[in-house]
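The following block contains the structure, expressed as structure tokens.
The chains carry the letters A, B, C and D, assigned in the order they are written, with residues numbered from 1 in each.
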Amino acid sequence: MDQQKFLEILNECATSCDNCYNACLEEENVKMMSNCIRLDRECAEICRYLASAISRNSPFIKEIATLCSQICTACANECRQHEHDHCQKCADICMKCSEACNELL
Amino acid sequence: MDQQKFLEILNECATSCDNCYNACLEEENVKMMSNCIRLDRECAEICRYLASAISRNSPFIKEIATLCSQICTACANECRQHEHDHCQKCADICMKCSEACNELL
Amino acid sequence: MDQQKFLEILNECATSCDNCYNACLEEENVKMMSNCIRLDRECAEICRYLASAISRNSPFIKEIATLCSQICTACANECRQHEHDHCQKCADICMKCSEACNELL
Amino acid sequence: MDQQKFLEILNECATSCDNCYNACLEEENVKMMSNCIRLDRECAEICRYLASAISRNSPFIKEIATLCSQICTACANECRQHEHDHCQKCADICMKCSEACNELL
């Protein structure tokens, strides 16, 4: 995968996680979404952190990508358990992003 | 401008600034680039901050966009003074991003 | 106020907001806390952003401090409405931090 | 080590790295400092990232602390090679912070 494509996936995942975070906080049953809210924030932050690390040629890209892949997988697994469209869509993108990280490694 | 297009510009600007930061640090005459290195970092950070704020529906989007527009303009003005391709390209994208922020406001 | 004292307040406020964010997500009635969760995240992020800007001698310290003061006040006002200890404590620290920002300006 | 003490060390290290970054960019011979500038930014960011992760009770504290310890050590090793007071001071704090991360692990 070329670098530009990978950055697009990371940014798409960060956006999707922040969108899901916002939507979860507006759900009727917020309590049920509390772990999803947490993981959405974790995942959005690590994806932007990795996107910046790649763009600035950080010496720690592989280590950050390893962590990013792990957090994306955890977020995908949580989102997958909820029926909301924003969660299912987020789960798909998080899995794609986790796989893109693994491809880099 | 629709939100997805705006997010693409913000992410493109953040990437461009981090690329320019990295390239400046590898130039023969780093001293001449010190202010560009500073502003590239400032600009990359505020663009990602605003992208996240928009995606999570922050109550402070307009205030952050006002600051982002100002930092993008300062970074564009600095980059414009240097002949390196990475600086000229970064200046173009920073100006486009500053204008996109102003359009939102 | 000297710079070190101001940085301590910013870091204390960021920690307090992240603590409150975590505690809100563990409350029985999470729905009632959704706006507090949002503002805690907003406030933690801007406080760390300003702490870094000050430490790296950013050219935009005043503009970031203006925004930080505003977000701290909004977070304090939200936290003040909730009886939980973590919210009341957070409201106190956010107000102190907002005032420290204003003192800088 | 209790959590509050650990957070103080992380924040002290982030501040010290951003101070060193700023001072390096103002040195007469910036080229010689380019790797120090890079690592100061890397280290400041991961320290604030870990401080936030701890404060919000992230499920990934250990993984982030592992990365933080590694980046602190790399930054300490780079800073140690330069005679400037800001570099020597930063090297000391980065080593202390790396050890505090290891103590957590």
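Here, a residue touches a chain if its C-beta (ideal position, glycine included) is under 8 Å from a C-beta of that chain, and two chains touch if they have at least 3 such contacts.
All figures in this text were calculated on a predicted structure; none of them were measured in a lab.
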Checklist entry - Looking at B-C, A-B or A-C, which pair matches B-D on over half of its contact pairs by residue number? => result A-C
Next on the checklist: C-D versus A-D: which interface comes out with more C-beta contact pairs?
Outcome noted: C-D
Checklist entry - Between subunit A and subunit D, what is the gap in Å from one C-alpha centre to the other? => result 26
Checklist outcome for this item: subunit B residues touching 2+ other chains are 38, 41, 56
Item to check | Touching residues (chain side subunit A, partner subunit D) in the complex | outcome: 38-39, 41-42, 45, 49, 56, 58-60, 63-64, 67, 70-71, 74
Item to check | Residue ranges of subunit A in contact with subunit C within the complex | outcome: 25-26, 28-31, 33-34, 37-38, 41
Checklist entry - In their complex, what parts of subunit A are in touch with subunit B? => result 7, 11, 14-15, 18-19, 21-22, 44, 48, 51-52, 55-57
